[in-house]
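Following are the structures in question.
Paired with chain B in one complex and with chain C in the other, chain A is shared by the two complexes that follow.
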Partner chain A sequence: MIRKLVRSRFLFVVPSLIFLAIFVLFPIIDIFRMSFYQWDLLTPPMFVGFENFRMMLDDKWFWNSILVSLKLLVVSVPLTFFVPLGLALALYKETTSSKILRALFYWPYMMPAIAGTTMWKWILSYDLGILNYIMKTLGFKPVAWLLKPTPALVAVSLVRLWGLTGLLMMMFITGLQNISSEYYEAAMIDGANKWQIFWHVTFPLLKNTNVLVLTTSIAHLFRDFAVIYALTGGGPGYSTMVTPLYIYNSAFTQFRIGYAYAMSVVFLLISLMITVFSIRAREAR
Partner chain B sequence: MKRWWTFLVVLLAVPLVFGAIKLTLWCGGGTERRGLEAAIAEYKKIRPDVEIELIDVPYAQFDQKLRLAILSGDMPDLATITYPYAPGYMKYMLDLSLYVKEVLGITPQEFADSMYDVVKMRVVDEKGAIRYVPLHFTMQCLWVNVDYFKKAGVPYPPFGGRTEPWTWEEFMDVLKKVKAANNIPYALSMQRTAERLFAYLAIRGVKTLDEQLNFTLDRDPKAKQLLQDFVNMFKENIMVPAEWIAAQDPNMALIGGLTAVLWGGSWNTLDLLRVTDKKFAPAYLPKDVYWLSLEGGRLFGAFKTGNKTREKAAAEFALWVGWKGKGYDIYLKTTYHMSAYKNHKVDYGNPIMDQVQEVCGKLAEATPKWVADVRNSEIWSRLQTPINNQMSAVVAGQMSLDEALKNLRNEYERIVKELGGKR
Partner chain C sequence: MKKIKLIDVVKWTFLIVMLIFYMLPIYYAVVSSFKSINEIYSYPPTLFPKKPTLQGYVEAIRGQDLLTYLKNTLFVAVVATALTVITTVMAGYGLAKGEFFGRIFLNRLVVLTLFVSAQVIMVPLFVIIRRLGLINNLWGLILPAVYTPTATFTAIQYMKEIPNELLESAKIDGANEWQIFWRIVWPLSKPLVAALTIFSFTWRWNDFVLPLLVVNRRSLYTLQLALAVIQGEYGGIPWNTILAFSTLTIIPTLVIFLLFQRFFMRGIMAGGLKY
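Take a look at the complex of A and B:
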């Protein structure tokens, strides 16, 4: 029996499976279970049935947070896909300058998110920020980056882009370096120009990397909390209040733990649907 | 064999008898940590048998971690606890009254009576047991840019040529005058907190929650007018919109010279003293229907851990560090926080702290009991985030005041429902 197990290699996966079960599967199951309770972390949890889900239906700020998350998805994900791709195309060849630039672009990803975002908060400040100071010096009107809903959403997207570009660029570079030069040689012999080579050779051959970058970007967006927490706190008003931040506020400033669990369940399902849809759409191309 | 047994028993007993009592203390880091470190170093000289390990817990996660620690039964022996959350933890804290006589040589009543009333009601539970000692006690007050006021020729109370607090109208005139005289973009900085809004409304005669903990803002016609006045202050560039819309740190505008006045508190002292090119002075909050301020800060208490030796040691340290003339003075001198005790003079070695103590002390004495009473509730503790968010949206022009008040009413009803009553 043991010999059979060893031969099937299943035995070697068991430790990882146990780890996954304890730290991933059970907590997820528990989230589902606790979403039926009312709990403030101090008094014992009280079973309330579907009450948390019913409250969620009436909670316009929760649905607003879903909408904000989706808006951010539309603005931010294409940015975090194409900008790193462009940089990767420019820097994937092994030269000294490209290596230095790659390290520079990767550096923000290594910075603690709160530290980097706090720096951006200073830069983008309406009255005291260096960006508006430069704009005023150049004769432009200052921009209320964090004071108006649309600029705030753009600011959040740009700061996310700044933080993530390095990581996603490195993924693309790895993908690009794995493409055999024979494909390019063949395309050139056939008379393809640079755009045709990119669109008909490089991009299709990056398919797996594209899916990886896309899912990483979406996953980061759906679990991103620190950037918005530090940059806008969800404001102005509720205009950058993404679902993870709303859940955090409900759980840890209002101690509505059961309700936060219920929102997490719904958000998990929505995120899962979007991710599967994105991957399917990408793979279908 | 018997000799070996004796040796073994002695070997095991020595650390138990002579070993140090180890206590863990959770604090918020930064200034608070430095103050506690200084006090602990002194305490070590008196009680070398007690070892206190300080653990920094970031402010944003403090309450969450403490709740989880209580839930798991692995709570620290001692912890600093933020004012709004203090009522919720009372039942987990030791009754310090049992140790007061032994440690301080006074009765529990004398101990409680020596504090400002707004502090006393926070540390004593409904049965009269003392659950906390004061530590980081703060009061809201104004900070003025001395040079801006000099240039405008405007006196300020009580150390700038005027003894009485401004009336609200006078205060508005002063802000406009100082702003114009110094050609600055705004006049007043104020952090986006429900506590500041509560103070503003209370001074002008409106109670956010009444004594029965009813939410009254949408039922009181005066409230809407005052809230509209508040929003107008942003529109007229009296106040800094970024502070309420984007939670910009109000110290930035004051220190950067964009505003002349900060509606802050005693806790700003250390930061403002670090500024070398500008001079700031504490001043009274304005007076309208009421003259008052809001207390805040952190209390200090010992948890019921079930280990009697550690509980006793923790209670003794808590009382020592929280009592005037003992560890409390060491803590205050290091942190530049004000004292929570009436008539308690601390030699900070800096005249500005004497001014802060006097300004905030007067405000603490003037503050009516209901101000602390209603805020010492779970409802207020949970209503603060919705108030911040709704008012931020109104200031940003994303929402009407009526809509915000309607939303706050819904939030209030929900909180009462979840709490199972008004508490």
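Take a look at the complex of A and C:
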């Protein structure tokens, strides 16, 4: 029996499997089980049936948190698509200058999200920030970036873009470098100009990369926590309160653990939907 | 004279604008971290410190216990990375080359976990860590981070490329599974081990969600947790200190990045998600 286990190489998987079971699978199962309980961490959990879910239906701030993610989706996803694409088109050739520039654009992705966001907070500060100073010098009115709902959403989108560009740009660069030059030569012989080549040759051939970039960007959007926690804390009011942050607050500042579990069920199902969608989209190549 | 093409003008204008957008926060934060308290709160802001001072750094290191946070962060990052690398390389090998029941199922499971981030399972993760008695314990930051979906997925992909003939011939030569792993698979996995080490260390260094959940005792803070917490504190830490703190915590990521650029910029981890 043991010999068979050794020969099958199952034993190599065991250590990882234990960690996977305790810290991933158990929590997932636990989400479904505990969502039917009321719990404040101190007293024993109390079974309340579907009460948490009923409460969730009436909780406008929970639905608001999903709406916030959707708003960010509308602003952020196009930005995190076209800016990295633009950079990749400018930098995909293997020259010294483009290698250096790539590294510079990649750097923010490597940084701790909290440190990067802190730097942005300093730039965006209403009275001390250099951004408002530049805007004033150019004759614009200063913007209360982190103190007003719409500017705060814009600020979050910009910081997300800043932190995610490196990864997405590299995906595009890999995609662009994988396109055989024969396609371009053929298009050139047909007399196409650069713009036509891009729209009719490059862009269609990048289909897989496009899907990869979009799904990565969306997946990141729904798991964003650190950037928003540090930049706006969900505010002003609830204007940037995304679901993970709202769940965190319910659980750890209000100690509505059971309710936080119930919201996690919905959040998990949303993540799962995105997962299935991504895998389908990536496999459909 | 060479004719300047319109497309090059557009390209370089775009690149310069983008370069300002991506570098300005870093430049301005680093520059401001060398300003004195008076200068940092004066208006108009200066693009370069009039009288550079280390005041912020001294305050960040002495006043904020930065060295304790550094020690905690390094302990977590080093131990977690070691555990991740060993278990992941083994798991990758087993999942790619194993011949046991359920192997395909487990491979699919790994792909699914790619999309389960700590943010999604935050509450139950806290509960299990609490039940294990690991709240306010640095091991509570290490053990939950050992299994990393992205790393495991990468390891499986890598191990699939190892030719079966190599393993077969070693078996014929009388090597047992353990010897095959350490004498053949591990040496062939050096690029994988290097990539996993670099990434795992960076992930742990940058991590925020897990420390936020697990640690609330100051003496156990990691750097990123401390950086987030001091900003929210009543009374306020001066900005030059906060920015000095931020600058110090991004230096190691820069060093790692410059030393191992090729791992980040291409190849086996390019498709990965941030964990």
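Assume the second predicted complex is superposed on the first by the 239 of 285 C-alpha atoms of A that agree within 3 Å, B and C clash if a C-alpha of one lies under 4 Å from a C-alpha of the other, contacts with A are read in each partner's own complex, and residues count from 1 in each chain.
The rule is short, and it goes like this: a contact is a pair of C-beta atoms (placed from the backbone, for glycine too) under 8 Å apart; a residue touches a chain by one contact, two chains touch by 3 or more.
Note that the structure is predicted; figures quoted are calculated from it, not measured.
Novice: With the two complexes superposed on chain A, say which partner A:Thr165 touches: chain B (first), chain C (second), both, or neither.
Specialist: In the superposition, A:Thr165 touches chain C alone.
Novice: Applying the touch criterion given at the start, work out whether A:Ile247 contacts chain B, chain C, both or neither, answering first, second, both or neither.
Specialist: So A:Ile247 only meets chain C here.
Novice: Between chain B (first) and chain C (second), which does A:Arg102 come into contact with in this model arrangement: first, second, both, or neither?
Specialist: second
Novice: When both complexes are superposed, which of chain B and chain C contacts more residues belonging to chain A?
Specialist: Looking at chain B versus chain C, the one contacting more residues of chain A is C.
Novice: For A:Leu20, select first, second, both or neither according to whether it touches chain B, chain C, the two together, or no partner.
Specialist: second
Novice: Which partner does A:Leu128 contact after superposing on A: first (chain B), second (chain C), both, neither?
Specialist: both
Novice: What is the shared patch of chain A, the residues that chain B and chain C both contact?
Specialist: Common interface on chain A, chain B vs chain C: 121, 127-128, 233, 251-252.
Novice: Residues of chain B touching chain A in their complex?
Specialist: 61, 63-64, 67-68, 70-71, 88, 185-186, 240-242, 245-248, 252-253, 256, 258, 382, 384-385, 389, 392-393, 396, 398-399, 414, 418
Novice: Considering the complex alone, what residue numbers of chain A touch chain B?
Specialist: Its residues touching chain B are 38, 41-42, 55, 121, 125-128, 146-149, 152, 232-239, 241, 249, 251-256.
Novice: Which residues of chain C touch chain A in their complex?
Specialist: Counting only chain C, the residues touching chain A are 7, 11, 14-15, 18-19, 21-26, 28-29, 32, 40-41, 43-45, 47, 86-88, 90-91, 93-95, 97-100, 106, 109, 111-117, 119-128, 143-144, 146-147, 149, 152, 176-178, 181, 202, 205-206, 208-209, 212-213, 223-224, 227-228, 231-232, 239, 242-243, 246, 249-250, 253-254, 256-258, 261, 264-266, 270-274.
Novice: For the complex, which residues does chain A have touching chain C?
Specialist: Chain A residues touching chain C: 5-13, 15-17, 19-20, 22-24, 26-28, 30-31, 34, 83, 86-87, 90-91, 101-116, 118-123, 127-130, 133, 162, 165, 167, 170-171, 174, 194, 212, 216, 219-220, 223-226, 229-230, 233, 244, 247-248, 251-252, 257, 260-261, 264, 267-268, 271-272, 274-275, 278-279.
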